Structures are given as C-alpha cells and as structure tokens.
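Going by the order they are written in, the chains are A, B, C, D and E; count residues from 1 in each one.
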Amino acid sequence: MSKRPPKLWPWQVALALFVFAAWWGLTATHILSPFFFGEPLVVLQRIVQWFASGSIWPHLGVTLLETLLAFVLGTVLGVAIGLWLALAPVASALADPYIKAANAMPRVILAPIFSVWFGLGIASKVALGVTLVFFIVFFNVYQGIREVSPVILANARMLGANRRQLLRHIYLPSATAWVFSSLHTSVGMAFVGAVVGEYLGSAKGVGYLILQAEGTFDINSVFAGILVLTAFALLLDALVTLTERRLLKWRPPTIAETL
Amino acid sequence: LHAAPPEKSKLTIAVGGKPLFYYLPLSVAERQGYFKDEGLDVTITDFPGGSKALQSLIGGSADFVSGAYEHTIALQAKNQFIRSVVVQGRYAGIALGIRKDKAANFRSMKDLQGMKVGVSAPGSSTHIFLKALLAREGLPPDAAAAIGVGTGSSAVAAVRSGNVDAVASLDPVTTQLETAGDVTVVYDTRKESDQRALYGDDYAAAVIYTTEAFIEQNPQTVQAVVNAMVRALRWIQQATPDQIADIMPKEYYGGNEALYRQALAKNYASFSPDGRMTLAAAQNVHKVLATFDPAVQQAGKLDLERTFTNRFVDAALKKIP
Amino acid sequence: MTAAIEFDQVSVVFPARERGGAPWRAIAHTSLSVEVGEFVSVVGPTGCGKSTLLNLAAGLLAPSAGTVRVFGQPLIGINRRAGYMFQTDALLPWRTALDNVTFGLELRGVPRTEANERGRYWLAKVGLAHAAERYPHQLSGGMKKRVAMAQTLIVEPDILLMDEPFSALDVQTRQLMENELLALWQAERRSVLFITHDLEEAIALSDRVVVLSAGPDTHPIGEFPIDLARPRDVAEIRLTPEFLGIHERIWAVLRDEVLKGYVQTTT
Amino acid sequence: MSKRPPKLWPWQVALALFVFAAWWGLTATHILSPFFFGEPLVVLQRIVQWFASGSIWPHLGVTLLETLLAFVLGTVLGVAIGLWLALAPVASALADPYIKAANAMPRVILAPIFSVWFGLGIASKVALGVTLVFFIVFFNVYQGIREVSPVILANARMLGANRRQLLRHIYLPSATAWVFSSLHTSVGMAFVGAVVGEYLGSAKGVGYLILQAEGTFDINSVFAGILVLTAFALLLDALVTLTERRLLKWRPPTIAETL
Amino acid sequence: MTAAIEFDQVSVVFPARERGGAPWRAIAHTSLSVEVGEFVSVVGPTGCGKSTLLNLAAGLLAPSAGTVRVFGQPLIGINRRAGYMFQTDALLPWRTALDNVTFGLELRGVPRTEANERGRYWLAKVGLAHAAERYPHQLSGGMKKRVAMAQTLIVEPDILLMDEPFSALDVQTRQLMENELLALWQAERRSVLFITHDLEEAIALSDRVVVLSAGPDTHPIGEFPIDLARPRDVAEIRLTPEFLGIHERIWAVLRDEVLKGYVQTTT
C-alpha cells in the first residue's frame, strides 16, 4: 500500500541525456542530415545566448501571454458553453450540427479573417488558440456532465439544490476529471495556436523567430525555439497537474497508485 | 526633409518573408533607422507569403505592404485599388532549378511539361514566374504541376527528398540548393539577360504598395515612408554587398554567413537604383500576367496608371541625391 | 384532511429499451395514501416495485398513468416537501462525511459554523463522530448508510421517504437508529413512507403496514393498521404478544406472495 | 418518460437558412467586405459547378483519404498507447514529460521534417493529422482508464480475468464514453491536419484548392472548399455518433434524455 | 491439514490522506483460519473491519503487517482460488444480467452456448429467469445482489468470500438463497468465509462464528463452534433450542461490543 514507486527522476534525466546523445550522434555522423535536424550543441548554445543576452524575452513574453490568454479564454468558454448545452437539451440538439461543423472547419485557413477582425497583434493569435482549445474542452465538459451519476444528482435535488447549486455542487465537481483531461491536451493546443498564429503573420514572438529562422535555413534556431516553448509548456502543464491534484484529493487512489 | 509631420506615425508594414533579398531595401531602411528619422514608428509584420501580406492590407490591419507589383494589377481586376508608391527591385530574382538527376535530360523549357515544380505557394510570384515560362513556350499554365513548398527549409526538403523535379525559388533557397549541388539553375532572373528575355526590358518586382484611400488620406505619411525607402535604395547603390550584409541582423545569415554574402552578391544588381516606376514596366508586367491569369484576361483593359505613382519618389529624389 | 402523499390509480411501465422487447409494468393501478403524521411501511418481495413507488413519491419518476398528490396538490417535478434516503449509495464522493451531512443546510444558506455544529451533532447521533473527515470511499457500507441518514434527517423534511435505510446495519446499531428515527418522527409528527424487507422492523415502527404483491403489475394486497401503544421501544415491543399476533397475520399474506413471485419467475 | 422532444430539424434548417441569409445580406450590403467573406450565391454556384463537372472528386478523394487515415491511425495509436501507459505506472511516469512535451510542440513547424521523412504525398499529411488526433485520444483514454470503477475491476479479477481479458472486458468498455468524447474532437482535427498539410505543400486535395484560391484572392472558392469539407466532417461525425450509440446502448438514459 | 485461508498476526493500517491526519488501524494482530471445507461466519459491529478482512483474503489489499496464507502458500497478489461476492454493487454495467452471470465462464473459455445454458440455469436458481436481458441499471437492489451471487457461484471457486450477500433480500427470498448456498457448499465441501450482520443467519449457516471487536484495532474476541446437525434447513433450525442457546451466548458478547463501539465513537 504505502510502497512508493522508486525515484524516477534519475531515469528521466538519463532518458533525456540518451535522447540528446542519440540526436547528437545521428546528426554528427550525418545519418540524419544536420541541415534538417540541426546540431544539438549549437542548439544549446543558441538557447544559452538568447537567455544570456536577454534577447529572447520580448518574444517569449508575447508568446506566453498569447498562450495563457488562449488557454484561459478557451477553457472558460468551453466549460461555460459545455455546461450550458449539456443541461439544455433543446439548445444542444439545435446547436449540435453547428458546433460540429465549426469544430471540423480548418481554422488556419480563416487566419486572414481573424486578422481582419482582431488585427495583427496579440488578439488574432489568441483567437486562433481559443478556437483550438475551446472544442477540446467543450466536448469533454459536455460528455462529463452527461456522465454525472443519476443517483447523486437525484439526491442533491431532493436535498433542495436549485439549478445553480446543482451546477456548483454536483455537475462541476463530478466533471472535474473530464475537464482536467482536456486541459492537458489544451495546454499543448494553446501553444500551437499562439505559435501558428505568429507563424502566419506577426512582428514578434517565438513563432516569428522560428519563421525567420526557417526562412534562412537556421534549423538550429528552429529547434532552440521549439525547445524553449516546450519547456514552458511543461511548466504550464505542471501547474494544471497541481491544481488537478488539489481539486481531486477526495478520490480513491487510482489503479496505477494501488497496483 | 521634414516638410510636414506624418498624419499617422504608428505604421504597420506587412511583408511576406522579411529576410528574403527580394525585400532587402525594407530591412535596410529599418536597420539604418531611416523610418525613425522620418518620425515614423514602424512595425514590420512578417507573413509566410506575399498574398497573406496583401490580405492584411485589404483587411485594414496593415498600412503598407512590401510585396510584388503583380498584385496591384491582379487586384484591379477584382476592383480593389492599390498603388505602388516606390519600387525596391527591378528583377524578379527568381530562378528555375532542375534537380540534378533530371538536369541531364533537360534540353529546353518545353521539358517542363509534366514535371512537378516546387513554388513557394500557389499564386505567389514564383508561381507566376513558372506560368510565364510555360506561356512563353506556348504551354498551358498547368502543363507542369505546381506544388507549394514554402520559402525555406521546406523547399530544400522538397528537392532533396525527390518530391519535386524542379523548383522555382527565390534566394537564399536558390543559392543554398545551387551550392549544395542539389539543382542546376536553368533560368535565372537575377541575371539581366534572363530577366529581359522573360519579362521584357523594363520590369518591377518588389514594391511598396498601399491602398488608394490611404494615399489620399495620409499623403505626408506616404511621403515619409517613401523618403526612407529611397534613402535606403540610394545607400545600397553606394555600398558594397559586404557592407550591406554587415548591417543585416545575424539571424538572416541562418548560421551560414558565407553563403549569405555569396547570395547577396548575386542579387545585388536587382535592386532599383532610384525607386522609380515606368509605364513600360507596368505594361510588361501586365502583359506577362495576361498570358495566363484568367481574371486579368477577363478584366480586359486595365488602368495601369492607377496601379502606381512616382509622385512621392520624385519628391524624395529632389531632397536625396 | 388531505393526505401527505396520495397515490391515485398509479401505474408505471418501463419501456423496453431493445426493439421487440416487452415493456415491464412494474406497478399497476395502485392507490395508497400516507396521512399527515402517519408512519407507513411498505413490505413486499424483492424486485416487486417498492423503490419505484418511492421514486414516484419523490417526483423523480412520473407515473405512466394516474396521479401522485402531495398535501393535496398534484405532484409535478421534484417533491420539495420530501427527504429521500436512497437504497443505493448516493453520497457526494467529493465531500467528507461531515460535509455530506451538512450539504442540505449549505443549500439552504445556513451559516458555515452553525451547519458544522449541527452536522457534528448528527454525526454523533449516528455514531460516526470519529469519521467526520473521511471521504465516502473510506467508509464501510454501514457507515455510508448512517451518513446518508444524517444527511436526510438534518434538513427536517415534512415527508420522509426511506428505502431500506437499515439493511446494512447490525441488529444492535439498527435498533439504536430505529429509536432515533421514531423519536424524531414523534417530536414533529412528520409523515413517513418507509420501505423494508424486515417485517418485524415494519411492525415495530409503523402505524400501518402495506404489503405489495410480487411483480409485474404490483399492487397492494393488504393493509394492516398497527395499534401498538406509542411511544415504543423497538427492541422491547418485539416481545409483546400483540406484536407476535400482528406479525403472524401479515406474514401469512407476505410469505405466499414471495413464494408466488419466486415460482412465477423461475418457471 | 416517453415524451419525445419536438422535431428539431425544421428549426435547424431554418437556422441554416437564416445564417445563409444573414451572410448574404451582410456581404451584399458591404457591411462585411465580400473580398474577405465572399458572396454566398457565388459560393453555392461554385460548389454546384465542382460537383456537376466532377472536377472536385480527385481533390476531395485525396483529402478524405488523408483524413480517414489520420483519424484511424491516430485513434488506434492513441487508444493503444493510452491503454499501455495507463496500465504501466512506471513506464507512464517515465514517459510523462516526453508525452507532454511532444503534445506541446508546435507540430506545424515540423512540416519540413515530415516532408523529408514522408515526402510531399499523402503520407506527410497523414502524419500531421495523426499527431493532432493522437494526443486528444491519448489523454482521454489515459484518464478514462484511471476512472474505471475499482470495485468492478476487482470483481473481474476475482472472477479470473487476466490482463488481456481485463483490457477487453473492463477497461475498454468502461473507457468507451471517454474515447468517443475524444473522437468527436478528433474528427475535426483529422480534417484540420489533412488540410493544413496540403496547405503547406501539396499538388492535390481540397487544401491545395483552397490555397490556390487564396493565392488568387478567389475567396468564394475558399468558402466553397470549407463548406464541402465541413459537410464531409459532419458525415464522418455522424458515423462516430452511430457507433457510439450502438456501443453504449447499455447505459441508463442520460440526464438530457430524462429531463 | 493446511487451512484454506489463514490470517497470521495480520494488521491493516489505512494511511491518513491529509497531512497531519491520524492513520487508522482498522485491523490489529488478527489470527484466524478457515479450514478446508469449513463454513466460517464473521460478525461484528458495523464499520469494524469485516470487509477489510475479506479484501485481505481476496488479495485485493496487502496487510500492513502479518501474512495471509491460502492453502498454506503466502498470498501475493490476487487470490486465484477464491470467489468474492462484494458488499457493494460490482456488476458490469455494460452486460445484461445473463451476460454478467456467464462472465466468469467466458473468461475461462467455456463455449457460448454452454455458458448461456448454465447461466440461465443459475438465473432461474436465484429467481431471475425473467430478467435475463435487463442491464444492471434496470434491476432492483435485491435483484442485483442475486445476479452477483449467481455470478460468483457459477465458476465454482474453492474458497467463497461473501460480504453480506443477503442483506438486501426479504426474509423469504433470503432463506431460499441460504438453502441454495448450503446445498452448493455441502455438495463439494468448499471453504466459505461469510460476513453478515445477522447473527441468526451466521449461526444457521456456519460451522464456526467469529465475533470481531469494534474498531479501531479490530480483532476477534470470540470464536463459537456451531455443532448443529447437518444438513440444515435454515428456517427450521432457528426454532430449535440448541440454536437459541448458541444465539444467546454469542449475542451476549456481540451486544456489548456493539454498544462499546457506539459509545466510543459518540463521545
């Protein structure tokens, strides 16, 4: 029961080092062309340079801001509309094909329209990110609400809960696992939205850096940008996990924990 | 120089591929601080292609575009009126490279028929170049399959992986492919002879354009932008390629400075010496477009005088020797 | 006087979910009422439709035919005057035992400190003062039942619907709880509709015992007024001869029914 | 109980007509610029033309093939790896940061690498689509497995189920709702992957058509392409819903159905 | 002879999930064994640790200290020789009643038609022939219990672990089921560890009744061999004087314990 799994981080670090070494080995021996796969040492050097000179911060700041806004807005909208439609069957049946159509629409194509509506600044990137995050959260909230135990729901209604209280005390806590599952995917999508948005037209941001680097065959900077973004994505994901743990502390240990 | 303060000092200039040599004068103006000298606060927003940059102008999110002159004509055919205010490049600077293993059997442009040719994006100036080449041989515009392969590593990847048989590319892609021995260049509009053979005597490639409405409402702003650009063009004329390379951001070198300098030298001749546009050049461009663009063909007679103006360049040249 | 709950010719048909399957008429033409202040127990063979009846009274299920009236008003939607202790586990898994007990108070806007105080009082009453901070998955079957009981009773509903509330408890604890329930009921003369499969329990607690027939088409096949003196002690009353007499009479009816149901379903 | 909700399709059709009319009205009066928002009538005409002449089929065929492959492959991989990691706690803890990092990576940027590995044909678009679909399915399967009722699991183990049987009889059925929730999002993402892939370099496909139309500012064809894609996405989604209904016929009616 | 199940100085401590909370030692230093072919019942106050004990025997929970042995072998992981009927609902919601019953057979590779035949036979045995095609959510509480019983018994395990299997059934059905269980047990002399809160049931069925103390630190405080003649009829045997004598002796021990537990937790 109380046996803890063995410490994992040495293994993770070892794995990271191994991946890095493999990358280095494969590109140094030209088995993978360094033209496309970069040189790991140069990539590291580039990252160090960026942070040492501080030249990365204005770009990183913009990208992180866009990501956070897209993540928060997309999540809030997804949860709100997911709740609403899950609890209003007629509205839901009516909206169903439109939601699905919007979800299937290749949004990247609409980037020019976004820039008409939202300008070339942060807003249009946030809008792109929101459209990615929204649907992921929405579908999970929608399903999560439908999975609420009917007995628990009936119990709360008998105890006198009105609609708002049901939402607060039954639907939301019960859909929490669903929401968080979608948030893990969303963290990534928010970053993708921001970077692709920048990639499609911007004057700042890590996506802009990467676009320029690609245009000049500077694959090492491309990888450096990707690595920096990934590091921050892991940070944001860790925050999500932390919140999840706090909110779900009432749960029985999961299978993985008991096995 | 400061005749009157610009009506709008915060400006956005959209560009599809800022580090391209095609748009080098814009970067010179920025790096040398010429915009600031004019009292302008310019944000240069980069897009993955010229058509995207144009869309941002029409949508009202950008004030100017640093882009291909072709667009001003193509758009007039769609009742959108935009005008070139200063020319950056006289030559298209586009080259057609044939992949090494196909080059041996490539005798004439007619052999393009049935080939898969990489262009930066469908509809972009590289695509126009390809269609013009085909049209000159009397082939239909889709005789060769145009495949969008982007303007950077993805274009190189497309050639190396054998996904395209040929590529119509701008620098630095062309130089990259050429020096690495991936392609043989069979047509090169960075050279005056090829440029003239395909497009005619006078031509206009990269320009700065904006909407008619903007010019009307913000003449001082336009003048300020043109002033800065003309200064940049004049500076380029008296600088050596190496001096130009020196002032460019290091990121443009893409980790290979020698290659960059080499490519810049090849493109040096294509920059406009004074930024002026001629009607002959406009007619040439129109003639090329009309060989394949159905919208341009259908539009019939276009008012080419409405697609450019030398008014601002001439005013700038008066002050800048 | 209007009844607290009145079933008027009520039927419930569960539609077949599969195409081609036969629908199941769980309850047929049942009329039954619980007067204000009355304690009515329902007994019947397992699976006959007792819980279905309670769901009707709670307003969680609409009858396929007939009407349910609460204090004279036809019941539409949830029954706001009733508290319902479910047969299955219905605690909120994300709340501790104490927070589960105080849930109804919180919904009514009772201040936190007062709610907690009353919650602890009730937890102690059901013998769970030591488990206030445990989550439902950390409670044993009988402990969950007791938390559910405290959760239902703390809000003092006018009508109490209880579905086998004590079946998971040992005899001793069960008697303590039964006495607790009787005391509460007697103090304010609430109306109770009580389901059990323990006939002794039914007799010891009730004013009236209703026997249901085996399903399908379940309906009452006997009503027995229990005229034992109040207040009662559930343990002692079982030993009185009156009790045994009543028990025998009801048992005669019930036993046949259970066997009938069993035979019917086996063949 | 047996009350059916009122017929909805007349309302949905009405809503569709209204949206179309609004679109037409706004663009005809130039409140929305037709340069960006197209002319609905021309868009319809374009669609009719495409299908009448049959010129759309080769493009549509390619795009649908890519989408289906991306959808199927991404789903299979997501389910398989989700199951594996959810059931192997050590592997999961080890892989966790890598999965999250891969999820956060702006994949579109890797398009050049994809085209090196997979060429410019169908494969590279499928690869892009798979990376989008995979993570959505993966995270939901992973969470769905962890949500399996411990009692039901214990019951099956006591009845003698081995690991494979647990998978087949407990984990999979129990995670079905989670999987399908992710599939609804994935349908859209598979289309996005295919179209963006085509958009980044291709010689065929609806994405290519759209890109070409954008290049010549033929916004009507862009919208026509988007509409055609959306129609097919709805079709695919309807298939998913149908399968879901069949697989989940054991469930109690959901709240929406009982309210 | 080695015992079918042997608890050897077993303790179970549930760690506190909150920091600062006290861990709960549910079971302390308990030694207990079930011989091969023996029927042992465990009674004890609600929440004392009976289910925990069964989880240990099933191998679903590892003891914090001590050893559990099955047929002489220390138990590691799941107990493959045992069938476990859980206290809570454990049916597979995506399978009909029949498919739930035949689940164990399917896992063993029994051909579909044979499995269905045996499944229907068992469903009839528990009185649910008419409900074969219903899903668990369409079954009443008592019906679910009976399906679970058929599900556990159909695979004929050597050791039977049963946690209050009959508590949701009416007396009559319960007695039918009890007789069914006894017949099955007697035919093959399986070993049974049986939990109930009904002392009469425990005595009527068992060879030995174990009384557990109230928690925490639950441990056996009395073992009573039941030397009533076999075969027994559970309804009749309750009326014999020997039965009443045993009942009285065990009850004396048990009642005190329940009350102790109650007082302990209330104050």
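Please note the rule applied: contacts are C-beta pairs under 8 Å (C-beta built on N, C-alpha and C of every residue); 3 or more make two chains touch, one makes a residue touch a chain.
This is a predicted model, so every value here is computed, not measured.
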TODO: Sort the chain pairs by how many C-beta pairs are in contact and tell me the top one.
DONE: A-D
Open item on the list: Which chain has its C-alpha centroid farthest away from the centroid of chain E?
Closed with: B
TODO: Would you mind pulling out the distance in Å between where the CA atoms of chain A average out and where those of chain D do?
DONE: 17
Open item on the list: I'd like the Å distance between the centres of chain C and chain E, where a centre is the mean of that chain's Cα atoms.
Closed with: 26
Task: Chain centre separation (chain A, chain E; CA means) in Å - done: 48
Task: Chain centre separation in whole Å, for chain D relative to chain B (CA means) - done: 38
Task: Of all residues in chain E, the ones touching two or more other chains - done: 17, 88-89, 135
TODO: Please list all residues of chain B that touch 2 or more other chains.
DONE: 55, 59, 150, 152-154, 156-157, 160
TODO: Hunt down the residues of chain A that sit against at least two other chains at once, touch-wise.
DONE: 33, 36, 112-113, 116, 199, 214, 222, 252
TODO: Flag every residue of chain B that touches chain D in the complex, lowest number first.
DONE: 49, 51, 54-55, 58-59, 74-75, 78, 80, 116, 121-124, 127, 145-150, 152-154, 156-158, 160-164, 293, 295
Open item on the list: Applying the document's contact rule, which stretches of chain E touch chain C when the two form their complex?
Closed with: 14, 17-18, 21, 43-47, 49-51, 87-89, 124-125, 127-131, 133, 135, 138-143, 146, 164, 167-173, 176, 197-199, 254-255, 258-259, 261-262, 264-267
Task: chain A-facing residues of chain B, complex - done: 12, 14, 17-20, 43-48, 52-53, 55-56, 59-62, 150-154, 156-157, 160, 172, 176, 251-256, 260
Open item on the list: Applying the document's contact rule, which stretches of chain A touch chain C when the two form their complex?
Closed with: 151-152, 154-162, 165, 169-170, 173-174, 176, 250-252
Open item on the list: Help me check something: in the complex, which residues belonging to chain A touch chain B?
Closed with: 33, 35-36, 42, 111-113, 115-116, 119-120, 124, 199-203, 208-209, 211-222
